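Okay, so subunit A shows up in both of these, paired with subunit B first and subunit C after.
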Partner chain A sequence: MNPVREHLVTLLTEKFEAPPGSIHDDAALGDLDLDSLARVELVFSLQDHWGVPLDDDRDSTGDVTVGRLVDRIETLLAQSAQEPDRSE
Partner chain B sequence: MTSPPSAPGDRARAVIAGIGSCLPPLVVTNTQVIARGNLDTTDAWITGRTGIHRRRLAGPAVSTGDLATAAARAAIDSAGSAVPRPDLLLLATTTPDRPCPATAPEVAHRLGLGTVPAFDLAAVCSGFLYGLVTASALLRSGTCRAPLVVAAEKYSTIVDPFDRDTAPLFGDAAAAVALRLGDADEPGAVLETDWGSDGGGSDLITVAAGGSRLPAAAATGIGIDTGIGIDTPGHGDRCFRMRGRQVYAHAVRRMTSSSEAVLATTGWRPEEVRAFIGHQANQRILDAVADRLGVPPRHRLGNIREVGNTAGASVPLALADAAARHACAPGARTLLTAFGGGLTWASATLLWPDAPVRTAAPEPRPPLHDHQEVSPP
Partner chain C sequence: MSTAHPPLAVTGIGLVTPAGHGAGPTWRGVLGAVGTAAPDPALTGLPVVLSCRVPEDSATQAGERRSWQLDRATRFALAAAREAVADAGLDPARWDGARVAVVLGSAAGGVGSYEHAAERLRTLGPAAVSPAALPAFLPNMAAGRIAIEFGTTGPVMHTATACASGATAIHTAALLLRTGACDVALAGGTDAMITPVCVSGFARMKALSRNTDPTRASRPFDADRDGFVIGEGAGFLVLERLADAASRRAAPRALLVGAGTAADAFHPVAPHPDARGLEQAVRLALAEAGAGLGDVDHINAHGTSTPLNDSAEARLIHRLFARRPPSVTSAKGVLGHTMGAAGAIEAALTVLTVQHRLVPGTAGFALPDWDTGGIDLVLDGPRRQRLRLALSTSAGFGGHNTALAFAPAGPSPD
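Here is the complex of A and B:
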């Protein structure tokens, strides 16, 4: 399992108490017993952990799937790795 | 925007010298809210998702001004004779008695304050802290000597009882503080403040009709009588609406960053805060903000469980509730923060007040006599 997916599954099961058997790539967040505020909390947690600019609104709708979130984070991480280091 | 750092030697601060509150007597449980609106939810869902168990509602005979007058009078009583007679009244509210005129002058009149300046302030749930920032600045500038900051809300007049997303959240209440000029070291001193707004989010929390964009006259034809005078959703919506998911995100971010800003200006670390009171919107928002700041659970104060979200009144109402329970020692490091429609937000650091909390029942409005012309002195 890739680290992004592993972290997301851990978050969903441990912090948001989603049923482990229901978590697969096509599962929508709304179907995992995450209400609207919990979905925003999930996005906040992912932003904090990975340091990527997920969208508070579009990435927390009920129809966002586990697979799409993993793809979004991996895409943003890849973009971040390609950007020149501005800290210097 | 954080207040400019105080100049060295500038020890003068607004000091909270009196605290008053007013809760209407009618207690409404979650079960009653659900039954009234035939809502597709449960008591367990509401308590689990919001932390709210019950709220107070004012009923048709009580207005925002009635709640405000009672809370303001209680704050004056709390301050006692050592504080000058109030010479300015600022009323934060989303639900004034009428669109025009402001409610504050009539409240001042009912309190017997004579011709003091009095005005309403509209910053929705940030209203009290906007008022505290404003009154503190006026006090420190010498514009007034004893301002009253009142926050009063009757959201039962704008909440749609059939809206599952908002109906369980709100309650009616008022709270007030009496300020005087004092020293930065004494209990009640308002040390530093931060406030801001973002009108780009103005559609996230709204009462759409009743203003100049959609005047009340155009909004009155479609409503149904729900028993408490609230229109149904749709065109000309005069009910309070909010987009919960987006509001949650903004609320957590703004209250956290504003709190961090005011703590930095004050020179306090979050773990040094002994009393944290956030806008009592939803327990999950409060927890998210406090967790992010790093304020330990034992220092988080609030009364959302008993009164729900009382909008602009929530922060001083929670302060009054905690002070009445002697939850903190006078002088304890205190952080207040709020977020509301606008979008608006504000925070303040202060030393926990040493004032006896007074509570009062809503004051019925007396008949107003015909206005008498007053000759200039």
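Here is the complex of A and C:
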């Protein structure tokens, strides 16, 4: 399993108490019993962990799937790896 | 003794304190009179090193549903409320939730969550503030969470009178029961204020003990007391009208026979030197109980271990009860000062004292001073005592004072 998916699954099961058996790439966050507050908190936690700029609105709707979140984070991580570090 | 108001039944208690999770461990800890103060790594760099923390426990920490939304104070409150409801033999799945009230006091609500969010805002910007920040820190949220868990749709509210908050909650719950606004009241206090801002602020105003000896830092009424040791926790009482408790065959642990509240209207943080608000609260509670000063056998004092509080409180007790001095104890020698939880925790301990006719000793105390030498402080180990009426007194910043009067549930021992 890749580290992004592994972290997301751990977060969903341990912090948000989603049933482990129901977590797969096509599962929507709304179907995992995450209400709107929990979905924004999930995006917040992922941003915190990976240091990538997810979108509070677009990435936290009820129809966002596990697979799409993994793709989004991996894409953003790849982008930030290519870009020169502008923080210095 | 005739009563001016019908007494209320205390049918359940629940406690989460530095002495342990539950009323049993807390009662044993307080009877053992061994302080819970310990060096606290979280206070590194702050002006004091000791605190009285609730021990970590998987049952109240990790196992909580949606724990990411809950401040530490809310977790304590939920655990104490669950124990109190179970102790009362009540089943929230079967009660009429519209007739159940939740009144919960705390001095600072989810202040730890607030400080965490503020720190992230300052260092990382607004995107780093959790969407759970407000539901975690708003002070009413612990009461709201309890209502959600137990399906209580009656009066649900928060009381804030600083370190008297838990006692004010019990008084308010008694008023709700007496007006018929509810049939069952869950009344308690909670706080988790061992935080950088709270500890620094208390230290800056010289309210905290600078003593680094864990066995001597919290020493209510002692001549060398130099401030309180900050603690945390929660306490709950289940209150019902006597007839309602009797109709479901619930045996009360004790009776709440009176409650009184009065303000000093004197100084933002210093107690009135003659404790005039506390005196008025005591007199009101006794009037409600239909009792006189001579009926008071025991006082579970506020006794914070600060120079000013303990002097004013001891002088008041000596002045009011000189003819027939009641025994006095302070649980803060063992538990530290649990802030807004203290009034509710100590009310529950007073219930147990009345029920078991056993007065705990005051940990940390060695020698009295001029003011505190005038009271009958229980020192070494528990004292067996015939108790007709016991008071629990609380006071808080802002000049808030509350006195609660408890009596045995069984036939009077005299």
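The rule is short, and it goes like this: the second predicted complex is superposed on the first by the 86 of 88 C-alpha atoms of A that agree within 3 Å, B and C clash if a C-alpha of one lies under 4 Å from a C-alpha of the other, contacts with A are read in each partner's own complex, and residues count from 1 in each chain.
Here, contacts are C-beta pairs under 8 Å (C-beta built on N, C-alpha and C of every residue); 3 or more make two chains touch, one makes a residue touch a chain.
Quick caveat: nothing in here was measured; it's all calculated off a predicted structure.
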{"item": "Touched partner set for A:D57, first subunit B, second subunit C, both or neither", "value": "first"}
{"item": "Subunit B versus subunit C as contact partner of A:T65, first or second or both or neither", "value": "neither"}
{"item": "Which superposed partner A:K15 touches (first subunit B, second subunit C, both, neither)", "value": "second"}
{"item": "First, second, both or neither for A:V40, with subunit B first and subunit C second", "value": "both"}
{"item": "Subunit B and subunit C footprints on subunit A, overlapping residues", "value": "37, 40-41, 44, 56"}
{"item": "Touching residues (chain side subunit A, partner subunit C) in the complex", "value": "15-17, 37-38, 40-41, 44, 47-48, 56"}
{"item": "Contact set on subunit A toward subunit B in their complex", "value": "35-37, 39-41, 43-44, 56-57, 60-61"}
{"item": "Contact set on subunit C toward subunit A in their complex", "value": "65-66, 68-69, 127-128, 130-132, 135"}
{"item": "Residues of subunit B defined as touching subunit A within the complex", "value": "49, 244-246, 248-249, 252, 282, 284-285, 288"}
